[in-house]
Structures are given as C-alpha cells and as structure tokens.
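Labels for the chains are A, B and C, by order of writing; each one numbers its residues from 1.
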C-alpha cells in the first residue's frame, strides 16, 4: 500500500481534471475499476457538475523573474481551482490572496475554491514573513472549462442483488493521510473482495471526488439505493492513532453493530462517535432522503489532527502497520456481513440432545463446554427467528466465525435452519 | 424583585383570607392579574372550598397580662388556621399546643391545620424552655367563616390557542424563600412575557394557594387542560443553591427536555430529579387524570434545606443574583418554547448546495464551518419531519436560538419548511 | 436445613436410580411430594429416558486384592453412570480411565457419562501419583437396565389456576453446595408455602434430575406451560458468597424485577448477571419455545468456585446463616408475587383529599408524610392502570408490603380498585 501511495502522492488531484483521471488509471492496474464521467453543467440532485479544472503551471515571480512560489515544487502552493491569472499584482492586492498558518510557520496550508472563481497562493508562514513587500508577477496557467467530472467504481456482484458500499474521496492533491491512505485501503480491500471464492452480497467501491462525486453517484444510481444494505466511508487510516468509528445517522444500522464487534474481537483500541453532519461523504450517503446505513472508519479524525490539510500531512507520517490493520478490519467487516444470517431453531422446546448427534463431549462434570459447544448452545438459545448471527455474537461475546461454524453444524443436523432472505441487522 | 419580596414579607397569608387578597392586589400593580374566587363550600374535584380564615389578633399572655407570644410580632407564632379561643389554659393542656424545634433552638417553626379545627402556637425552643410553668391566657381572635378562596391568574394570549402554564403558591406567611421567591420570579417573568413583541403560544400565570388553589383552578378550567402544552411550577428560587429540576411524571415531556437544555446552555450547575408525589402543585397538575406536562424548578429543595418552614427562612438568606438567574432561566425557557418548531427538509436527497445560495463560506479547506453553517448542516441532516428544533438542539449541542436563525435562513431559501401545527416535544 | 443436608449427603444420586428415590422419599417426610416416573426409552421432547443406573459396588484392587479405590468410601470415586466391568486392566489402559485434578492434588473430581457407555474412576491427584504402575483389578458392579427416571413434584394450588415454579436439581451424589443446598432451601420453602393461610397463585416445586428431569417434566406437562407466570431455579445457596441473580432470557420478566427488588429491600449484597445458556435447568425452562419467565438464584456461581464438582464441595463449607438467608429471600419473593396486583386510581383528577377520610395527619407544615402516607401518595400517583404494585415499589423505593397496606386502605375508601385478572410484571 505504501508503494502505491508514494506513486500517487505527487499528482495534483482536484474534484475534476487530469489528476483524478491519472489516479484512477493507476488504480485500474490493480482492480477492475470503471471510470465514469458526467459533463460540466449536468444537474445532479441539488448541484451542478462544475467546469473541469486543469493546471499547466503556476508561480509567483519577483522583479528578477525568480519564482518565489512554484506549483511545480509543491502543488499545495496553488489554491485549488484558482482561475487563470497573468499579470503584475501590487503587494496590497496580493496579501488577501496569500494563505499561511502562523501557528505552524513551516507548514503550507491546503485551500480550495471550487464553486467561486477565486485565485490564491498558499505558503509557509516563515516564507511569507521573508517575502519582500513588492509588486509580483502572478502567473496561473489553469483552465476552467467545460469538461467532465470523473469517478471510479468497481462492483463485485454477489449471489443476491443486495450490496454493500465502500467509499473514499480522491480529490486531494499531495496529502498523504487525507486521502491517499483511504484510497490505498479501498484498492487493496477491493482486491481481496474480488478474490473471495464466494460472495453472498455485491460489493461496490466508490472512489469519488468529495461531495460532488458522491452526489453525482447518488444522482445517477438512484435505483440502487434500495439495494444497499450498508457501507463504510474510509478516510485518514494511515496515522498511528486508535480507530474512530463514526456511526450512521440512526446509530443502530447493521454496520453500527458489525464494526464495533469486529474491532472488539480484534482487541484494538477504538472510539465510537455519533454521527454529525461534518466529515466525509457519509454526509451525502446519510442525508435524510438517502440514509444508506453507512458509517465512517478513521484513525485520526476529520479536521482533528494538527497536520490536517497542510503540507505536514506527508508520506513520512504514514505507518504501514496501521494501514495494514485498517485493511484487516475492513476484511473482517466483509466477513461479518457475509456471515450475518438469521436462523430459526427447529427444535425450540428444551435443548436438543447434542450428545446423541455427536455434537457434545461425552464426559460430563467438567466446567463448561468451550468454543464450538458454547457457540451451539448460544445459537440454540437465541435463534428464535428475530436475532441475527451478529446479534448473537454481540450478546454472547463469541466471534461470529465460530458461531457460523456452529450454525453450519446445527443446520446439517436439522436443528437450525436459515430464514431465507433474512435482512439482518 | 427583592423590594417586592420585602414589601410582601410581613403579610400573614394562608390558603384563604385577607392576606392572599392583599398579596394579589399588590401584584396587580405589576401585572394584569385577575383575582378569582370561589365561595366556601364549593365542591372542587374531590375537595371542598374551606371556610375563610382571618386573624385580628392572637397572643399567649401570662398572669400579669404580658404577651409572651404575640402574633403581631411574628405571624408564625400562630398555627395557621387556628380556631378562635379566649380562655385560661392549664400548663399541661398547653403543652401539646406548643410547637418548637429542639434541634434549632432559635427558630420558630411554621405549622398549619387547614382541614381540622385545631389551635396552637409556635415558638423557638429557647423561649419555650424559659417559659415558666403556669396557667396562661390564650387569646386567638380569628374568624373561620363562610367566605371565599382567592387565586390570581394572568393570561397572555398567543397566536394559537395552545398555552404554557407557570404556577406558584401564595399561601405561606412570613417565609421568604418559600414562597415569596417564587412569587417574585413569576411576577417579573409575567412582565417579560407581556412585553414580548410576539407570542406563538398563550402563557398563563397561576398564583394559587397550595393544593386547594391548584385544585380549584383545575376544577373550574377543565376545558383548558387539553390546550396546555406544558408548564413549570416555581418554588424556592432565592437561595444560593444550584438549580434542581424536578421532572414531570413521565419524565419525557417537552419541558423535561427544554429546561435541562436551557440550564446546560447557560452553563449553570443543576441536578435533575425524577418526579415524586411530594412537593408543590406539580402534584396536582401531574396527577394521573390530568398530566399537563409540568415540571418544577427549585434551588433549595422541597423539605430539603434546614431553614425550610421555619422563621430562619427569612429575608437575609435571599440572594438577589440567584433570583435574577432564575428569572433569566425562565425567560430562556419561554424562548425555547416559542422557537420549538418542527421542520421538514425540502431537499433531503444529499446536501443541498449552500454555496450557490450564498449560505456558505467560499474558501474551502478550512476546518469546519462554525456557528450558523454548522447549525444549517445539522438542521438539514436532522429535520426529517420527526425531530423538533429542541431535539436537534439537544442532539447537536447547539443553542436553539442559533438553530432558529439557521432555520429562518433555510426557510427563506425553500430548503426547509415548517410542519404546520407541529406539537413538538 | 443443615441436618437434612447431612442426612442426604452420603446417598449416591444420579439422574436415575435408587439414590434419587431415596432422596425424594426422605423429602416426602417433610412435604407432600409426589414421586413421578417415566420408563426408560420414553421419548421426551428431543430426548429419550435413559436406562436406569444402580451401583452395588465398585473398586479398583491391586494384586494383593486390596481396594485402592473404593466406591463405598466416597461415591465420587466412580464415574457416574459407569458401565459394569469385572476384569484385570493394564496400567496403560487404565490411565485414560482415571480422572484427577493436578491443580488441587487433594480433591477428587466428580465426573459423569450419562449418555455414552463408559467407565472410569476419579481420585485425588496425590493418590494417583502414589499409585504403583501395575495391572489392577477393576470391579464395577453396576446395572444399566430398563427402569425409570424419577422426579419429585409438589403443587400447592392457589385461588387462580396460574402458578409459579421453583425448581432444583437432585442428581448429584455426595456434593453439598451443589445440589443439597438447593434441595434443602426448596423443601423448607415448600413447607412455608404450604402453611400460608392464603395463596392467590399455585406454587409448584420441582425436584428433578438435571436436564433430563426438567425435559421430562416439560414433556409431560405441556398444557401447564401457559399457566406459569414465572419461577426460579435454586442452586448453590450454601456458601458464604453474595447472591447472584441470573436473569431470565428476556431479562424483563416479573421475576427479573421482583427478585432484585427483594434483595435490595433486604439490603443484602447481590449481583445480577444476564442469562447465558450454561448453568442449571433454566436452560430448559427458558429455551426459545418454552420461556416460562424463570431466573436462577445462586450464591457461588455455576462452574464458578474452586470446589465446584469436587470432593471439596463438602459439608464443612456450608454456612447455615447463608442457607437461612436464601430461604428468607425466596419467602419474600413469594410475598411479592402474591402482592403484585395492578390497580386503577378511581379519583385520578388531582389528589383526593385524604385528610377528610382520616387517611392523613392533621397538622401540616411538617416535612413529608412518612411511611403509609407516602405509600398512598405514590399509589394514587402511579396507578393509572398500567403499573403493577411491583413497578410502583421499584419506582418509589418503598417496600411492596407497605404499598399493599396502603392499597388496601385506599380500596376501602373507594379511591383505588384492583384491575381484575391483572397479570402484572
């Protein structure tokens, strides 16, 4: 994953333009990603696809023609979506166009102006202090013209038409944790899902420009909303922080039970935070008329770590072990979703005699049955047709995989049967 | 408020009689208070209006004709509702008629005998110990005759016929915190409510003798019960204790959410106690066949502070700052009630684009929107027609006033609409 | 109780056989216990009554004919339900047939093999280490033949056909806490219930061999399931541990409220644990197709104390005071069940005037009414027809007995009436 991130880091992404396409094309080498597009001006829900933005060059030059700020050295220097400019600018006019962070004098901030025609430069506060007051030459060689908005979509169909969604944003330029960490985890997770021998459900991976990309997908795929059983937004997974799971709006959808269960079973530190309408594209997927049942998995939190949206969110701060752990958690989540059936006890009056079916240790008097026997007893007790395997897992504290093995055994002996089409929580 | 309390303090109030009328007449100078009355003997719910009680004079005199206990020096000396007496009383007969508090030897207790014909005197235990055993002359020049029960009522109508009720008791004689503090807060709150430029709801202020007054109001105004959206009993608001909010019987009525929200927003210390059937007139308003949805706001608690129902509940112990704070909290509560509408998001699929409506800052990349933008996002997310503004305020932690401003903005842009006639919680 | 336990201790009980009959016959001297039986081979729910097992003798003898392990010295030495054997056995063949506890070298474990034809011996690990490797003579003079399964049942009918169930297991040999403590408490409780002057409900006492006995009762009494309002499994009540109450499967049945209330009122230490499908016969009574609403009262927990299922669970470790306390708690529980009616306030609009009915102290101004008056106020407030006396007890913190007295008083004055046939929680 780290290698992929290194490769993608230098690209200047935005919500539209060549950077996104380059990124998606690179990912197509790893996973069967379709690149979708909608032309500028297309109405999508309450929004409109904006003009496409591309940068050829951008710099601020002094009298001697020296580039004091150069987009080619760091694409954060240019305010994302800056309109074209090519003229001399007075020191006083320049000031409000310059963005720096006095509290972090060495870091360059990341700024955007997607929906209002502006321009500007970002720089470290240290550099700003050293910039001699003068007239400068501003050269912003960008285009902002009719084009397309792109997003990537990979769908791995399952036995049923229902699906789960993973989504991550792909619109940030040279920032590592936000959003390359999410992109890498999503790509490798997609590979794993692709290679599963069996899938009960479909899995959709969305690599979308933030907000407008999610809106565009929602607008074009309204017929699928009802098929989505839940999902997860992936973001900020590369730093050495404990996990934060942000719940869906309701807070009691399947993913809200499944993900904490997975994290608890892995015995990793995590916090659960309730939904709030700031953050990533869960804002769109959980809007009141949509509510797909999606949470968000993060390590560092949205707008909640010092390096957020600055040049300090760089490659050095990524922890490969943390990325790998995030990938593993997502894999476990898929396992839970796949396993989460609802069963009916076929012999609900008293406990069935497991011993004569060879399902129970022969010698009694010991302390309790361990492992599989405990799982069988829990299943027989709890499966009155209303509780899913995940709910039994939570109630019993047993891993769902063990309950799944126990359920298979009990089904073989006609003691349990799956309730068909069970849309479990 | 303190001046008003000083003025009212000397009056000998009881559940009936001239003291209540005098008190209400003084309040009529401040607010448009109607004085209501019901004649003795009138059945009211399960009760009957008692005879009216008035005191001309009362004392205990020794052999030398010296008044050792004199109603004119402190109206607590006479057991409230004492029947007329004028005779010499043996020391042994006198003993059970004398009430004192050995644990607080300097305090005179407050005692009543409304519904059983008794008489008696209250005195400090120190004085009692010094009283020489002897025969005394008891002179209680009271009348207990057919008359009326009075209560005060001020109604400030609103745009709709629904109303909120504030109630406080007016039957205690020279006690300061119990009940003059409540009377003062109610009176000044009524002034504020009267001068509001606009009222969605009606506001009723009830100044009633404890129990029988509330029962009388309920009995004569049964047709209004269904119009009451909730309310608050005011009591014991003058001492330097943190607030105690006593919930309605259900514990989940609008006032049960609104008042803690107000106190939290003001960042003042408070405790919430569940309903119990001892206390003030919430006992009546929350009885099982009535349940108006009323809580009770106190500082010191009912029967829960050392000076309760003694001469030590005096003017010196009142804190003007605490009274003012209680008034402010009640004002905030009215603001919440007025603001608590339920809205429907008109654009619930994805977030609407606030930027193109001029509702959002132009330059992205910053940390989160603050204030009004945050309020707009919360509203758009939470208003699916089932959550009131108050519920959004609680969920988001934002002040309801800010949400109200945001809702107004969003309504102007047709992004939100009020659900008419929303009876919110 | 202790004398009874001493008397029953030496008997070699199992799930079938003479030991159970002997035990039940002894109990018949104390309570009107019917001994029921079902023949071997009878199908009961998913199970089949096993052959009856009886032991004449059993030992392990060395070359010199000395009994190195002798069933007559301790019936735990023989694995319960061992098949007959009479032959010389090689040291290597013997090893897997010997059971000891290296962690507790002086204790003999208790082992069973009810449903698989096996044999074996249990011994202290210390003795095992000293046993010279050799060929031994195994003599197990048992019979495993068609016979019957027995259980004891005492039913004390009530005014209505509904009933509560107490159940305890009677299948353990010389173990004191598990199960003689439960047997003793059940027997003495049955005596108390028998001598109650009045019973609203029937009370059934089941003394059953673990699992198969409960299954047998369920199978033969299916028509009664619907009449059972709840019940309690009694086990492990003799040790000096705080109480553990294990909830019914739902966790909100009447017993789940009643028993913690009783323990709280007695001010004894206790813990509540949620249901889990290991333990005693609550496993059967609470299976998904049965769910009688039964919890389990223990002190030491199932499989949760060091001496569990070993010879160290002996008479010396029993605490008579703890047994007596458990008996008292069960008596209180019966009292709660008997008292737990649902009432309707007949005068629900405002509080009724208790004073004129002589139900209230005459002199006001005191702090609150205590005791019976408090109970009357709570009842008048809470009895809107939906809350049972037990629920009012929990809400108010008052003892149910006091509420019962208050309810009787209020009923006499037509202020309250019982809702007939109220099946309260």
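Just so it is clear, a residue touches a chain if its C-beta (ideal position, glycine included) is under 8 Å from a C-beta of that chain, and two chains touch if they have at least 3 such contacts.
Remember, predicted model here, so these are calculated numbers, not experimental data.
Enquirer: For chain A versus chain B, which are copies of one sequence, does the interface use mostly the same residue numbers on each side, meaning over half shared, or is it different?
Expert: Under half shared, hence different.
Enquirer: Between copies chain A and chain C, what's the superposition rotation on C-alpha atoms, in steps of 5 degrees?
Expert: C-alpha superposition angle, chain A on chain C: 120 degrees.
Enquirer: How many angstrom between the C-alpha centroids of chain B and chain A?
Expert: 53
Enquirer: Identify all positions of chain C at which a residue touches two or more other chains, and write them in rising order.
Expert: In chain C, no residue touches at least two other chains, as defined above.
Enquirer: State the interface residues of chain B toward chain C in the complex, per the touch definition above.
Expert: It is residues 45-48, 79-80, 109-116, 118, 120, 211, 214-215, 218-219, 249, 275-278, 283-284, 286-290, 303, 308-309 of chain B that touch chain C.
Enquirer: Please output the residues of chain B touching chain A within their complex, sorted ascending.
Expert: Residues 345, 347-353, 355-356, 362-369, 374, 377-378, 380-384, 396.
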